[in-house]
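Structures given as structure tokens follow.
Below are two complexes that have subunit A in common, paired first with subunit B and then with subunit C.
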Partner chain A sequence: MKKLIAMCLALVMALSLLAGCSSHSGSDSDALKIGMTGPLTGGNAVYGTAVQAGIEIAVEEINADPNNTLKLEFQPQDDEADGEKAVSGYNVLKDWGMQVFIGTVTSSACNAVAPLTVEDEIFLLTPSATAAEVATAGSSTFQMCFTDPNQGASAAEVIANNWPEAAIGIVYDASDDYSSGLYDGFKNKAAELSLNVVCETSFTGDTKSDLSTQVTMCKDAGADLMFLPIYYTEASYILNYASRIDYAPQYVGCDGMDGILNVEGFDTSLAEGMALLTPFDANATDEATQSFVAKYTEKTGEVPTQFAADAYDCVYAVYQAAVAAGVKASDEPADICAALIEQFTSMTFDGLTGKGMTWDSEGMISKAPAVVVIDGGIYVPMD
Partner chain B sequence: MKKILNNKNTRTNLITYLVVIVAFVIMQTLYSLDMLSNSMKGYLVPICAYVSLAVSLNLLVGVCGELSLGHAGFMGIGAFSGVVIAALLKDVIASDVLRLLCAMVFGGLLAGALGFLIGIPVLRLRGDYLAIVTLAFGEIVKNLVGNLYVGIDSDGFHMAISTSRMELLEGGTYLIAGPKGATGVEKLASFPMGFVLVLLTLFVVLNLINSKEGRAIKAVRDNRIAAESVGINVTAFRMKAFVVSAFLAGMAGALFGMNYSSFTASKFNFNTSINILVFVVLGGMGNILGSVISATALYVLPEAMRGLEDFRMLLYAVVLILVMLFTWSPKVKEKTEVVSEWVKGLFYKLTGKKEVGVNE
Partner chain C sequence: MQIIQYLINGISIGAVYAIIALGYTMVYGIAKMLNFAHGDVIMVGAYISFCVTNYLGAPAWVALIAAMAVCTVLGIVIEGLAYKPLRGTPSLAVLITAIGVSYFLQNAAQLIWSSSPKSFTSIVTMKPISLLDGQLVITGEVLVTVAVSALVMVGLTLFTGKTRTGKAMRAVSEDRDAAQLMGINVNRTISTTFAIGSALAAVAGVLLCSTVPTLQPTTGSMPGIRAFTAAVLGGIGSIPGAMLGGILIGIIETFAKAYISTQLSDAVVFSVLIIILLVKPAGLLGKQVQEKV
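Moving on, here comes the complex of A and B:
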């Protein structure tokens, strides 16, 4: 028994030694070091791993290009969608020598890290942290995604244009800043457009596995359109329960809804007719999307969501800006940061999630919000 | 002097202080020589906060024998109220250190006051009710703060439970913004302040344990009926331990919050409470130095294992189990006793004194 324990301990130590080595030995000094933190484990891991895979594909593509003069190197760190862990992960990346930061994946973690990157003068481009505070943290923080209040307002406009008479029921996650940010943006715009909101109800992260009360409330209030500014996992519970009580309103979602067709064990026919705002459509026929989807599916066995596509675009945007500014891998992070800020506020970028994207001096993106409708199990652009 | 050193309690206490001070001096020297990595620098303040939390919880769990599952709730109270106070005092007190101190004291007082309120009904009961109530308390704090909006503008201070009831004037900022938590927090916390907090926590807890009150608290833990029969007011002494523990947790929370530019209410959930409890249990119930060491080691461990990627949380659990088996194994205990005897012998050889019977 004692021997067994001793061996186990020795094994653990040896493993941790090995681990310590592997994280350093692989570094390549003539590559631009890109770091990322996101929830790679825990309840939000779907989003973090999607971003990680998206970045990895882009980095592999760029490094495989024979004409490319700037190689990239990528290291992900787990933050469990928690600010404290994200700061630790960020510090580890700094020790590694990170020059550009693509992260973090979630808003609250990004709020904790963004001011640090400003202080350290490391360029930050987040694929999916949608809080407005991320962009306003400093001049070197940029977003690839829409900010919550803007997207909520866009959703209200979509509803006003397509279903002006609808009685609207809203279910949002009050414990999640993404969801409540969308809700706030939507509510302000809805009041302005005098939409008919009949029911507003919320849940929290602890109660998200049973949303039957919220659905019943919307049904009883006579809502014939449900606005769901939430992530697709929770939305699938809502759709499931609604179908069980024979309630079939028109569903409208935001970019967090992208992925609902891939939820395991979910009958996708329930999502037929749902409208959602998403910058990315995996069924688009253009070559870039097709090639990305093929590579992503091969790598992970899943269809990419907008998280992965945004992450993929982040790498290409940084790459485009770095090449245009003549950034070298040996440059100091602060110099790279200054060069990238100048490029990002002046350049136009075409990616998977939109054409002709530009950034304002705050770091917020401007791209056309695309509205799609689920029809026959695929996204179809809404007229 | 001789008498002091021969007292076993005093000796352990001195060793505890010594370990903490030496650790601080080493880290601070390395820090000022710029020999620490960024990640190591980042761990310093949270370690101080977690050490204080673990020691204060040990007072409750180890010394008083009451189980609390809501220590993170008190920590959260301290963190959020500390941030608000620090922001309000921004124009009044110029010194960062003084402002952090005010925030920590206020955070501690608020947490202590809430602890007192909870304690009034619960500590009168026999059984595990404190565990149940503190568990609920932690969840209530998390959900309440998760919906709380606190803002400041030229009109003064505003507080509401929803955004619609709160309109800030131009130039106003949200200190706490519901699910976004506290954003735009000034980073006032520093390692020396963390060290001061750890020392204060140790001073309060160790002195309490070795005082008349401490003996009464231990008597209540060991045999409630016997303690009552000799005229000890059981509720009052349990209350003392509980309020002191909550106060210190609030202070540690304020320090923790002030180390991050943004944190959310969901940080102070059940998992964090259990994490602190794990520090205490692994360090040994009632063993203060054990709490200090285990909080430090267990905070750094998952971070140090980052290189193992997906396996690190699995290995963290394995390490916890192994440490548990290892420290409780009779054979290991025998070995450690041999070592401690040897150290003791060396100590007496060096000081040239003969060991006198240990007196309590």
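Moving on, here comes the complex of A and C:
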């Protein structure tokens, strides 16, 4: 019996060796290799799987286009939103022969990988790692999303314009780069605009399962506007608990709030009137958005969030730049990197998450943050 | 008034920890193993309840019974497949297996239900009680959770004290070999313990998600660890100890958040645990066992 098992194992090993060979020889083919790492399992998997699906849809579309001369090949790696795992995933992708890196999904992991891509001269375009350090890591790191401090500052301006008298309560995630970045940007701008912040409170990844104390603190401080620079998962709990204790402030969120209406079982009436900054609206009626939403829903059974849309845009932006620069699939990553840097700093890109996007030499994006209000269970542009 | 509101918040989450801790403490007391997968059985229970109410439109009590039934079977299967073959092996092997089971359940849940969070509809339909012009709010969930955890504690104490199966459990806990010599079926007793522990986990899952409505494949893990701490604080193996420990941890956590720092609350909770264990190594209500040399 043991012999049989040993034989089987040996066979499997031999086969996997062969499999490795074949995929390697195939990798020298005529497709541009795009790699991605993101949390595909674990607590943040919801963001990673959205990005993966967004990229896959874009890659399928581009490859299906008969006029296209540059085919794409895509491989995702799981990093569980962890820096160390992201680095090992990145190394796996490098061994595979990756030429362009679209990732990582989360800021903390991206901060670990970005310096390596600069060293290896591999072009990095992240769909959703919003930390400012990602863009400033080198000349070859670019972002498709807003940087956190900029978005936090925009949120402060939105509040100053619409609710100048509000007593503001803030709940943010101190253990998360994204949330802390937004908070810092917001705080500086709020001081500049002399907004009335009455309560600042936070939680960490380990204590996020119970946020009732934070909501009670804001209520007791008399806040009538709650600024929530956090992801929608925790926000759905905050809204739920606030309604239980008869507390109904005006809510203002950022792009991480996008998705709250699609949480299964969530009573969307609780989010009525919430204002949020988001670059993507799944209910937009333009053809490109409609077609993307249809494909995404067919693929995953869910409505796409801005993570998926940003990822989709990343592939098209890289594709547009690569075609414009005449990049060939057989080019070295470093040459592709130089060509893409030149294109990105000079081109204008229209995608799902904005029109007329441009990038500065740091790699930070410039696109107009759209403010929407939830009205009747859908996003409506705020006037 | 604030302080009373925080106290209520603390008792609310503490009572949930207490029910989870009861499951931990039962299994530890009788099978002498730390079932780290307990938190994930809770998550499965919550998902089952969510599916039954949201997809089949069944009332809350049907969902609760369905969750208990599924978790009981799951608990027996886990015990039979993962833990039973390891009886008599060093406890480290069992511990690692338990951690493995925990990861297995989390990833299986992610495959089945996806990683997108779901918002659990509370099974408690009672309106919140508002006192002193809304300065104090007692939600229905608080009352139900506290009542259920007290009921479960009393029920378990009576069960282990009075019934035949309960006595068999205590005997197995006391001395497994001697119990076997006295004609007690040790394997069946341990399976029963897992069945009860897992049914409790289902109840805990439904109550946890009624209090904290965000349901994800990782929902059970942090409350599971807190509850384990609560069980150790109260004296692991002791049923009233688990209850006391759970409520204490809930209150300390909430007060630490409200009056010290929301970011340091865990540090405070675990410092209290360390201090108590230094003074009373067996936990607050734990029995001091003399090692005979």
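Heads up, the rule we're going with is that the second predicted complex is superposed on the first by the 355 of 383 C-alpha atoms of A that agree within 3 Å, B and C clash if a C-alpha of one lies under 4 Å from a C-alpha of the other, contacts with A are read in each partner's own complex, and residues count from 1 in each chain.
Just so we're on the same page, contacts are C-beta pairs under 8 Å (C-beta built on N, C-alpha and C of every residue); 3 or more make two chains touch, one makes a residue touch a chain.
Predicted model only: the values in this text are computed from it and were never measured.
S.K.: Given the touch rule stated above, what does A:Ile245 touch, subunit B (first), subunit C (second), both, or neither?
M.R.: In the superposed model, A:Ile245 contacts subunit C only, not subunit B.
S.K.: After lining up the shared chain so the two structures overlap, which partner does A:Glu84 touch, if you call subunit B first and subunit C second: first, second, both or neither?
M.R.: The first partner, subunit B, only.
S.K.: Please work out whether A:Thr345 is in contact with subunit B alone, subunit C alone, both, or neither, and reply first, second, both or neither.
M.R.: After superposing on A, A:Thr345 lies clear of both subunit B and subunit C.
S.K.: Quick one: is A:Gln320 in contact with subunit B, with subunit C, with both, or with neither? Answer first, second, both or neither.
M.R.: In the superposition, A:Gln320 contacts neither subunit B nor subunit C.
S.K.: Which partner chains sit in contact with A:Asn283 here, subunit B, subunit C, both or neither? Use first/second/both/neither.
M.R.: In the superposed model, A:Asn283 contacts neither subunit B nor subunit C.
S.K.: For A:Glu264 in the superposed arrangement: first (subunit B), second (subunit C), both or neither?
M.R.: second
S.K.: Answer with first, second, both or neither: which of subunit B and subunit C does A:Glu133 touch in the superposed model?
M.R.: Only subunit B is touched by A:Glu133; subunit C is not.
S.K.: Between subunit B (first) and subunit C (second), which, if any, makes contact with A:Ser212: first, second, both or neither?
M.R.: second
S.K.: Of the partners subunit B and subunit C, which touch A:Ala174 in the superposed model: first, second, both, neither?
M.R.: both
S.K.: Do any residues of subunit A touch both subunit B and subunit C, and if so, which are they?
M.R.: Subunit A residues touching both partners: 41, 174, 204, 206.
S.K.: Could you list, by residue number, the parts of subunit B that touch subunit A in their complex?
M.R.: Residue positions touching the partner: 37-39, 41-43, 46, 139, 143, 146-147, 163-164, 178-181, 183-184, 260-267, 303-310, 312-313, 315, 318-319, 322, 325-326, 329, 331.
S.K.: Contact residues on subunit A for subunit C in the complex?
M.R.: Going by the criterion above, the answer is residues 41-43, 45-46, 49, 174, 201-204, 206-210, 212-214, 216-217, 220, 232-234, 236-237, 240, 244-246, 262-267, 302.
S.K.: Please output the residues of subunit C touching subunit A within their complex, sorted ascending.
M.R.: The contact residues of subunit C facing subunit A are 2, 5-6, 9, 12-13, 50, 54, 107, 110, 114-121, 128, 130, 134, 137, 139, 141, 211-219, 222-223, 253-254, 257-258, 262-263, 265-266.
S.K.: Contact residues on subunit A for subunit B in the complex?
M.R.: My answer: residues 2, 5, 8-9, 12, 15-16, 19-20, 22-23, 40-41, 77-78, 82-84, 87-89, 91-92, 94-95, 107-108, 111-112, 114-116, 131, 133, 173-177, 179-181, 184, 187, 204-206.
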